[in-house]
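As written, the chain order gives the labels A, B and C, with residue 1 at the start of each chain.
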Amino acid sequence: MTTTTLAVLVPLLPFLGAVAGLLLGRTAPGFVRPLAVLPALAAAVLAVTVAVRQGGGKAIDASTQLTPTGSVPIDLALHIDGFAALVAVLVGVVATCVQLYSTGYLRDDPRYPSYAALVSLFTSAMLLVVYSGDLMVLLVGWEIMGICSYFLVGHYWETPEARAASLKAFLVTKLGDVPFLFGLFALAADAGTFRITGILGAVGSGGLDHPTLIALLLLAGVAGKSAQFPLHTWLPDAMAGPTPVSALIHAATMVAAGVYFVARLLPVFASSAAALTVLAVMAAVTMVGSALAALAQDDIKRVLAYSTIGQLGYMTGALAVGDRGAAVFHLISHGAFKALLFLGAGVIIHAVGTNSLAAMSRMSGLPKRIPDAYWTMTIALFALAAIPPFAGFFSKEAVLVAAEHASLGDTTGVPSGAGWTVLVAGLFTALLTAAYATRLWLLAFRGRGPAAPDHGKQPLVMNGVLWVLAVPSLAFGLAVTYLDDWFDGHALTPTVTTAVLGTGVALVGGLVTYGAWRHTTAMAARPPIGAVAAHPEDSPAVSEAEAIASHTPAYGDIAAAPDPADPGRLLLGPLHRHAAVGFHLDAVYHALFVRPVLAGAELVRFLDREVVETYVRGAGAVPRLLGAGVRRAQTGNVQTYLSALLAGSVVLAIAAVIVAAVGA
Amino acid sequence: MSHLAAAAEQGFLSPTGVEIAFLLVGIATLGAAVVTVTTKQLVHAALWLVVALGGLAVEYLLLTAEFIAWVQVLIYVGSVVVLLLFGLMLTKAPIGRSPDADSGNRWAALTVAVAAAAALVWVVVDAFRTQWIDLDGPAQGSTRVTGEFLFQHWVLPFEALSVLLLAALVGAIVLSRKSDNDKEQR
Amino acid sequence: MHLAYPAVLAALLFCTGLYGVLARRNAILVLMSVELMLNAVNLNLVAFDVWLRDTLHAGQALTLFTIAIAAAEIGIGLSIVLMVYRNRGTSDVDKLRDTAEGRAADDAASALADKAAHEAAQKAEAAA
């Protein structure tokens, strides 16, 4: 088969798997698991094949026109360059891991068939976005991901948190998607085509009339999808979904789509210095803010969610300094270790029966209970904290190197201010990242107190997936020298300056956190606060759903816990209160959008109830009154009727006589 | 023209004997009729109806319609009132005063009746105050005359009427006989 | 004879009958009042026939027909009243309100109650 055919099959197989899963889910439950795992696995294998055949060389372009669409043609087009090939491999691998993990994690879930089908559909949509060479087709995948994330985040729709989170995820991303759509149309209007190659050609020949406007409009959609400030608020709440969904959506697919989109169209953004500056500021605010917020979270998955936002900030920062190779490099390595972190967190939540770090810090012996998760998560946290030689170190260094080049003015077309912003923010975030990674590790695995309750052995498939993902987290960075060809061709290897700086601040962050933990851990002697859910017989998802639902009643807040033993509390000081609630951004949104909308709805309700309905009621009331009057006349007494009849006759007769008399 | 000539020599203030008789009998008839429709005793109402109908028969006589007068006496006084009395008894009408003989519609009825009476009397008097009936000459309603015009000019309606009476007879029997269901129930 | 005398008498008799039709409760009394009205018309017919000296004597002929029709009417009317009485236990016109708007159910119920009471009274009489 040609490479093109294989590439077409990559998004098609999970889609067919999703359709088959939805159709057969009820009638043939035995087929659901193979139908969920095998298409994803096949897609991953095919993606690897495509990547090998593409080999980082010249981009593969193929297109077919389904039907003429007028002045701006829409093609079913493939555009596979090194970025697309590698990201597709990442998506395929992570999706396969998630599907495998889900067979254990949601093994007794009654809604597993639809869940698996939605995950397949989600994977298919992301692969479509990755391979598509036409922006309209890309948009299709983009929107399918939006709706799938709505359904998947709301998987535990029995809990109000999940319902609210799914709505929020959908609405906030849609808030970005509307300007995104306008941006796409403006871009197509300027370039005269939706084809990515055509657009890039138009940019190369200076054919764009409004690059800044287009770039800013597109950035809104990217910020929504990739959870960048100020549209990131949906991501932490989306942790109300099942853990594998968090791993899939928030590590490898949905949030990656925004970064990947900018990487594909980077020349469009690079043609506007203003857009790059905005991107840089956005990235800086996102990464610093989210890292601070991550330090204050109590829910283990929310820590990881804020961490995701921060790492996405690194990627957008790399894009802001014009280096998409670094961005996609970090995207891939982050996809691997963040998926591992999420899946490991799922194991932890199941093992201890709570998602609260405060409760975990009061249990001992967790590493012995779940050694696989312990070791793999340690690897992933090292990768997250960018400690050499783990994957995160190399990719983060690539970003910092790109920022350094830009700040020194070595990169053409990128304002050096953007470079400095990204560099400083990146270094500061590296410190914070190491701090919250250390905090997470210490609180989760180095708790003091009674032994963690034994909830049985973790399913083999879940532990196996962890080890599969641990390999790239550990070793992917070592491939850095081979990646140059796949990306734009310039070196991604770390330089000494940034390596020393980055590793140094990371070590400092980790050590400071360790010191703070040693200081505060004396206060952890109190018995665990909060509830622990234990269902050793049921599938792990049940424990998680209960843990999410019970966090607010137990601690008074979905995100934070009043735990004096938390080193984050000591480190952040007075900032902790604000960081725990995401710097009140939700409150701001509430005041800016929710309340006006509610007030408007109230006004409309009032107008409808009191004003419009009054007219309607009045229109009904008058005939009703008339009817009541006429009813009263219908007494059923024949004599009354006859009296009225004869009285009328008399009146008529008299009138006739009078008229005759007057006339005469 | 002869009426006009007669009118010139007659007047309200010089009533003839026939007129006085008509007036007196008319007052009696009207009084009986009023009592018929107002009395509280149902059987008395039927008996006062006899008086009113008999008075009308006398009025027919005074108008020289002898045959109609006797028919009136025969059919109305003789059969219709008897029928009504039978009806009263078959429906177990209370003997003696019944306070609820009049319905609540009385005042509306009175208003309508008085208004109608006023209008009719006014119109009739206004129209016919100068008209006199010439009662002289051969009687216009003797049995001979009646037989002649009835069987010369009105034979077909007469015969049709006999069919109507037959139909009424059959209908009355069908309506008033007890049905088989009723018999079974008893 | 002055024409006004029979004409006014007929009008007054007619209105008396009219009052009776509208005011009487018992259906048989209503029928009596109808007779009065018919007779008022008869009087008019005879009077005008005599006054006009009609060669065909249409007035008298019609009077005869009216009398015949009245006899038929009273027969049919009485049988209807009898049937109503048999079915409803009453011959009061203002209790037959089945066509009343809204209160029909109540009235039907009360009519049934009346009938039941009536039959109870009948039985008591028979026993006595």
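Criterion: contacts are C-beta pairs under 8 Å (C-beta built on N, C-alpha and C of every residue); 3 or more make two chains touch, one makes a residue touch a chain.
Nothing here was measured: the structure is a model prediction, and the numbers come from that model.
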I need the chain pair with the most C-beta contacts, please.
B-C
If you take the mean of the Cα atoms for each chain, which one ends up farthest from subunit C?
A
I'd like the Å distance between the centres of subunit A and subunit C, where a centre is the mean of that chain's Cα atoms.
91
How far is the middle of subunit B from the middle of subunit C, if each middle is the mean of its Cα atoms, in Å?
12
Roughly how many whole angstrom separate the Cα centroids of subunit A and subunit B?
102
Multi-chain contact sites of subunit B, meaning residues that touch two or more partners
103, 105, 108-109, 112, 116
Quick check on subunit A: which residues sit in contact with 2+ other chains?
637, 639, 643, 646
Which residues of subunit C are in contact with two or more other chains?
18, 21-23, 93-94
Mind listing the subunit B positions that touch subunit A in their complex?
103, 105, 108-109, 111-112, 115-116, 119, 122-123
For a test of understanding, state which residues of subunit C touch subunit B in their complex under the given definition.
1-9, 11-29, 31-33, 35-36, 39, 42-43, 46-47, 49-51, 53, 56-57, 60-61, 63-65, 67-76, 78-83, 85-86, 91-94
Within the complex, which stretch of subunit A touches subunit B?
637, 639-640, 643, 646-647, 650, 653-654, 657
Per the contact definition, I'd like the list of subunit C residues that touch subunit A in the complex.
18, 21-23, 93-94, 96-104, 107
Quick check on the complex: what are the subunit A residues that touch subunit C?
631, 634-639, 642-643, 646
